[in-house]
Every structure is written in C-alpha cells, then in structure tokens.
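Listed below are the structures to be examined.
Each of the next two complexes has chain A plus one more chain, namely chain B in the first and chain C in the second.
Take a look at the complex of A and B:
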C-alpha cells in the first residue's frame, strides 16, 4: 500500500483544525480507508480529546521517534471506526523535540500501511509547522470567514507553495448563514476570491460540534448535523468523488416550514445536493 | 422582513462584510509585498553590480531601503558615485 500524507493547517489557532482533522479522518475511515491521524501539536495536544481517546494513550509521537516504543504501540485504535488510528502528541515536551526528518520518516513508514496519513499541524509558522508540512503531498488549509484567519491562511498558503506542496485546498469553517445574509460576515466567495484557492469544503457554524467534542464523538456520526454532513462530503472529495460544493447559506432553511422540516430531520435541500 | 431591516441598518453603519473584505485585502496586499532582509540585500548587490557596469559607484555610501506610503511600497536607493567622475 502506498498512502498519501495530508497536512491540516491554518496558521491561526482556534479555527477548527483539530476538529476538522478528527472528522475528516473519521469520515475517510468510514469509507473503508485505513487512516492514521497524527497530532503534532506537542505540548498542547487535543486531537485525542476530540476523538474521545484521551484515556487510551500510553505512548506518544515523541516516544516513537525517539525509539522508546514500536510504531504499533503508539497507534491507538479508534473506538468507533475500525480502521482509524491516532498517534497522540507528547504533552510534556516542546515542539522542538522532534526533527523534520524524524516526522518525514515516520509518515513514510505509515504510508506503507495506511491509505491516508493526516497530520494535524500546530498553530503558527515555526518549527512545529515546518515539521508537520515536510512529509505532506497535499495540504488542507482551514480558515474561518474572519479577517485574522484569512490573513494567516494567506501567509500559510505562501509557505506551503514555497515548500513545493502543489495540492492545496481550503476548508472554510464556521460560516454563519444568518450573519452572511445580514451582511455581517464575509461569504465563501469572498474568502475564495481573496485567497485565490479552490475549496474542498464549506462548513457551517454548528453548535453540535461543541456537544460532539464534549462527548468525544466526532460530529460526522451525527446525521442531523450540517457540519457533520459537510465533513462527510469533504472526505468523499478527498477520496476522489466529484461532489458539488454546497454553500451553507443556500442550504440553511429560511422559511418557517423549512425550519420545521429541519427540526423533524426532513432536510430536502441537503439530500437533493448530495 | 427582519432580515431586510437588519440589512438596512448594517448598510447605514458601513456594511461589516464590506469593511472586513477591504481590511483583509489591504492586510494581504501588504503581507505579500513584504520584502525580507536577505531579499533586500540581494537586490542591493544586483543593482550596484548593474550600475557599476556603467558608472563607478561608491557602495559604502549607498542608501537602500523600502518605504511605505499607505498601501504603496517604494524601493528607495541613493547611490553615490565615486569622486572625479
């Protein structure tokens, strides 16, 4: 097997990178792929919590690269999706404790055994970022429709291009349809035009993400969640399916009857698009 | 109806979406024009080398830098020619 390494990055922290990693990784595994997700945010790990695996960690990324355990021992099998594995970041070390070469060689080993290796990149553009992008053939840049997030995404895109990563696509997260309609938030087309990049997903703001994170169950398992449905579509697009992009502003119900249908789980617009 | 009222109110105080767009565009434009110190140094050397092919320059008296004026960026150089030319 020769898998593909994809880095999930953003520049700015707090835009939903880790949530996106957990959900895209889970959705890819639910499509019968073997998936390994790696948390490279050393010192501030969180992917384990989002995936509900925080109590299963014995060995971490630093243990593997420093040879204190075998790779198989650090791969934590997901509770829900059978072929999904996590390598957690070390919590008590700092970002400089692993080298770029160590992470590259780890990803190469994983590519032999997995269809997808997804690297959750730390915020910022320092050594941790440089390590995380070094092994990637593709990058997914997560941003939100906010000034600071878009500016940082632009900077990160420049660095990814300089690192010769050709396949770069955007996930625009937390689009608030009501705010867009009121003219209080930039829409997806604004962001895409400014960053001059293709999007692979337009994810609506969704309270269900908070409850899913609280329970340690990725939101892709929640059929009622609009963001969960979009993460499922993102995974399908990564996997080569040609699904049209759905703007959450078009998908969100506006009439009272639409809202009633949505509450009852009869989402006609969403099902018509996929 | 309420959406329409909200939109009108937003328009009155300067559409936040438009304001955000302009601010991002301005920030990105500036960031993309940022010239690093190594770039500037390489540019200075290349310029002095090119000018030196035509006129004798005194590099130790050269001023070279980037100046910003609003959204515009200017490359400013002041090259002193050697005495006696």
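Take a look at the complex of A and C:
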C-alpha cells in the first residue's frame, strides 16, 4: 500500500483546521480507507480532544521521532471508526524539538500502511508549518470568509507553491448564509476569486460543531448537521468522487416553501464554483 | 488682489495678497537680467511689503540650488519677505526626470526607458547588442517569469526598449517582486503582495496589492491593471491609495471596474478608467480623478 500525505493548513489560527482534520479523517475512514491523522501542533495539541481520544495517549509524536517508542505504540485507534488512527502531539515540548527530516521519514513509513496520512498543521508559517508541509503531496487550505483569514490563506498558498506542492485545494469554513445574503460577509465566489484556487468544500457555520467538539465526537456522525454533511462530501471528493460544490447560501432555505421542499428533498440547488 | 507689472519690461509679475503673494519671474531672459529686474522692482515697491511668505514662480526655468539661493537672497534682502517655496512647471520637472533616468540607464549600461508616443525627446537608442540576462529572483515557482531581450515594437504604437519581464501567475500575500525594467503580470496582485519596477507595470488581472512603478524616480511610468480594488500605488515618489469600504462589507473581490490607468499628472497620481480613445499622448482620460 502506498498512500498519500495531505497537510491541513491555514496560516491563521482558529479557522477550523483541527476540526476539519478530525472530520475529514473520520469521513475518509468511514469510506473504508485506512487513515492516520498526525497532530503537529506541538505544545498546543487539540486534535486528540476533538476526536475524544485524550485519555488514551501514552506516547506522542516526539516520543516516536526520538525513538522512545515504536511507531505502532504511538498510533491511537479511534473509538468509532475502525481504521482511523491518531498520533498526538507532545504537550510539554515545543515545535523545534522535531526536524523536517524526522517528520518526512515518519510520513513515508505511514504511507506504506495507510491510504491517507493527514497532517494537522499548526497556525503560523514558522518551523512547525515548515515541518508539517515537508512530507505532503497535497494540501487543504482552510479559511473563513474573513479578510484576515483570506490574507493568511493567500500567503500560505504562496508558500505551499514555493514548496512545490501543486495539488492545493480550499475549504471555506463557517460560511454564514444569512450574513452573505445581507452583504455582510463575502460569499464563496468572492473568496475563490480572490485566492484563485479550486475549492473542495464550502462548510456552513454550524452550532452543532461546538457540541460535537466538546463531546469528542466528530460532527460527521451527526446526520442533521449541515457542516457534517459537507465534511462527508469533502472526503468523497478527496477519494476521487466528482460531486458538485453546494453553496450553503443556496442550500439554506429562506422561505417556508423552501423549507418544505427541503424536507421533501426536492429543489435543492447546487452550484459549482470551480 | 493686485497685479503689478513694472517698468522692467514685465520681467516680474506680482499677484495675490495677504499670505498668498506670488512672484512670477520671466523665464525667457538670462538669470542675471531676471535678478536685476527683481531687485529694481522690489526697490521701487518696498513700501508694499511688510513681511510674510511668498512663492517664487520661476516658470519653465530649471534652477539649481545656487541659483535658487540667489533669487531667494534678492527677495529676502530687498523686501523683508521670506521665500516659502519655488514653483516650476510640471512638464519641465517631468522632462528633467526623464533625462536623468536616461543618463542613469546609460551609465548602468542598460538601454533606455520606453519612448512615450508623441514625445520627440524620447527616441529610444538603437539596440546594438542584447543586454546581459538579468538574474531571476528565487521565489514562488507557481509564478513563472520570462525575460524578453531585444526591442519590442507594437506596430503603429509605442516602442519599448528592454528589459521587459513577464510574471505568469498570481502574486500572493507576502511576495515582493522586483523588476529591473517594465513588468507584465499575467495574474492577480493580491492584497499583501508587492511589485516594484523601474518602468511601467501592467497587470492582466486584479490589482489589490502594492505596486511601485518608476521606482528609481521615473515619473513618466504608468500602472495599468484590468481592475483595481483598494490597492496602494506608487509612481516615483508619488503615492495613492484607496481605503476599503467603511461599512465592514468585505466583498473586496468585486472590483466593479474595468481596465484602469494610473499616471503622474500635475504633481499627483491620477487614476482613471483606461479608455482606448483617450491615450496618454492625447491627454489621457478627461474624467480622471
């Protein structure tokens, strides 16, 4: 088996990288893929919490690269999806304690056993970022429809291209349909035009994400969650399915009749932005 | 307001009043004659002045520091006024700027800046040999750069002397591209990106970042973009910017305008829609702002 390594990055913090990593990883595993997710945010680990695995951590990423444990010992199996594994970040070290070469070597080993290795990148563009992108063949850039997040995403896309990662796709997170309709938030086409990049997912703002994060259960398990459904579609697109992008603004019902049609599953508009 | 033309054959004209007195000094006679006429005028009209600041308008004359000091001393010693500043016609400054830029290029062994259509003084030198290839700056490989040696002629239009560099791709936040000559960007210049060129800058895409044309002081340089949205523009030492929407609506990508041209005119950068029937040599867009 020779899988591929995908880095989940953004530049700006707080846009949903870790949530996206947990959900995309879980959704890929639910599609019968063997998936390993690696938290490289050393010192500020969160991925284990979002996946509900914080109490199962014995060894972490730094233990593996420094040879204190075998790779298999640091792989934590997910509670829900059978073929999903986590390598947690160290909480008490800093991002300079591993080298780019060590992480590249680790990902190469994982690619032999897994279909997908998803690297959760820390915020910023310093050493932690450089480590995280070094082994990746593909990148998913997470941004929100805010000017500051888009600026940082643009910077990160430039750095990814400079690192010769050509397969870069965008996840626009937390799109608020009501704000877009009022003209107070950029819509997806605005963001895509500014970044001149293909999107792989348009994720609506969703309160259920907060609940799922707090409970340690990825939102893809929640069939009622619009964001969960979009993360499932993102995983399908990564897996090679050709699904049209669905703009949350079009998907969100605005009238009672729209709501009725939605319940009946008819007249749902889909629009492709790529 | 009063206008005083004296017996010195109209060599000195004084206009304005209060704090806005303007001395216009004839630019067609030798500087010595102009200074003598100025001294005579001030000697006869000393009673008219009681201190304050004036502006000396020297017309089409281009003075060095020593000559300016000479005029300043005449005015200040004969009248008690102090010279606030010297004014000179903008086209004289532009012409001199072009001349200096040409001299600098010749000294640097690089061929000249583009000849602007209709400007007889700007005939480009003949291309005798190809200039040395210009080293590329290591940067984002997604932006391909090509360097065009030799003379590029657009039939019936402007003739550009190299170097012209073409960057193919989007310039993204954090990127700074320097061009030794004219720059053609086949893509967007995003917010946070910066282009610095010695000559003109043409952006075949949206311009939302920073562009500095004529970076060595060529005020005839122009910036042309397919659309602009809140960029920061610089031409030589002049700068221009437009603030984003104040209502917080961040729909910044909807530039809402078409091809736009920026150039220096009358001491400021003017930005206006680029109209094919209002080329620069025909005065540019009459509605430029």
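The definition used in the following text is that the second predicted complex is superposed on the first by the 256 of 274 C-alpha atoms of A that agree within 3 Å, B and C clash if a C-alpha of one lies under 4 Å from a C-alpha of the other, contacts with A are read in each partner's own complex, and residues count from 1 in each chain.
Definition applied: a contact is a pair of C-beta atoms (placed from the backbone, for glycine too) under 8 Å apart; a residue touches a chain by one contact, two chains touch by 3 or more.
Note that this is a predicted model, so its numbers are computed, not measured.
Peer 1: Per the contact definition in the header, classify A:167: touching chain B only (first), chain C only (second), both, or neither.
Peer 2: Touch status of A:167: no partner.
Peer 1: On the A-aligned overlay, A:83 touches which partner chain: chain B = first, chain C = second, or both, or neither?
Peer 2: A:83 contacts neither chain B nor chain C.
Peer 1: Tell me the contact category for A:113 with respect to chain B and chain C: first, second, both or neither.
Peer 2: It touches nothing on chain B or chain C.
Peer 1: Contacts for A:147 in the overlay, against chain B (first) and chain C (second): which applies, first, second, both or neither?
Peer 2: both
Peer 1: By the touch definition at the top of the document, which applies to A:181: first (chain B), second (chain C), both, or neither?
Peer 2: Touch status of A:181: first partner only.
Peer 1: Could you look at A:155 and tell me whether it touches chain B, chain C, both or neither (first, second, both, neither)?
Peer 2: So A:155 meets both chain B and chain C here.
Peer 1: Thinking of the overlay built on chain A, is A:190 touched by chain B (first), by chain C (second), by both, or by neither?
Peer 2: both
Peer 1: By the touch definition above, which chain A residues appear in both interfaces, chain B in one complex and chain C in the other?
Peer 2: Comparing the two interfaces on chain A, one with chain B and one with chain C, the shared residues are 145-147, 151, 154-155, 158, 183-187, 190, 194.
Peer 1: Quick check on the complex: what are the chain A residues that touch chain B?
Peer 2: 145-147, 150-151, 154-155, 158, 180-187, 190, 194
Peer 1: Mind listing the chain C positions that touch chain A in their complex?
Peer 2: By the definition above, chain C touches chain A via 139-142, 170, 172-175, 187-188, 190-192, 206, 208, 248-254.
Peer 1: What does chain A use to touch chain C in their complex?
Peer 2: It comes out as residues 145-147, 151-152, 154-155, 157-159, 161-162, 164, 166, 183-187, 189-191, 193-196.
Peer 1: Taking the touch rule as given, give the residues of chain B at its contact with chain A in the complex, in rising order.
Peer 2: 3, 6-7, 10-11, 15-18, 20-21, 23-25, 27-28, 31-32
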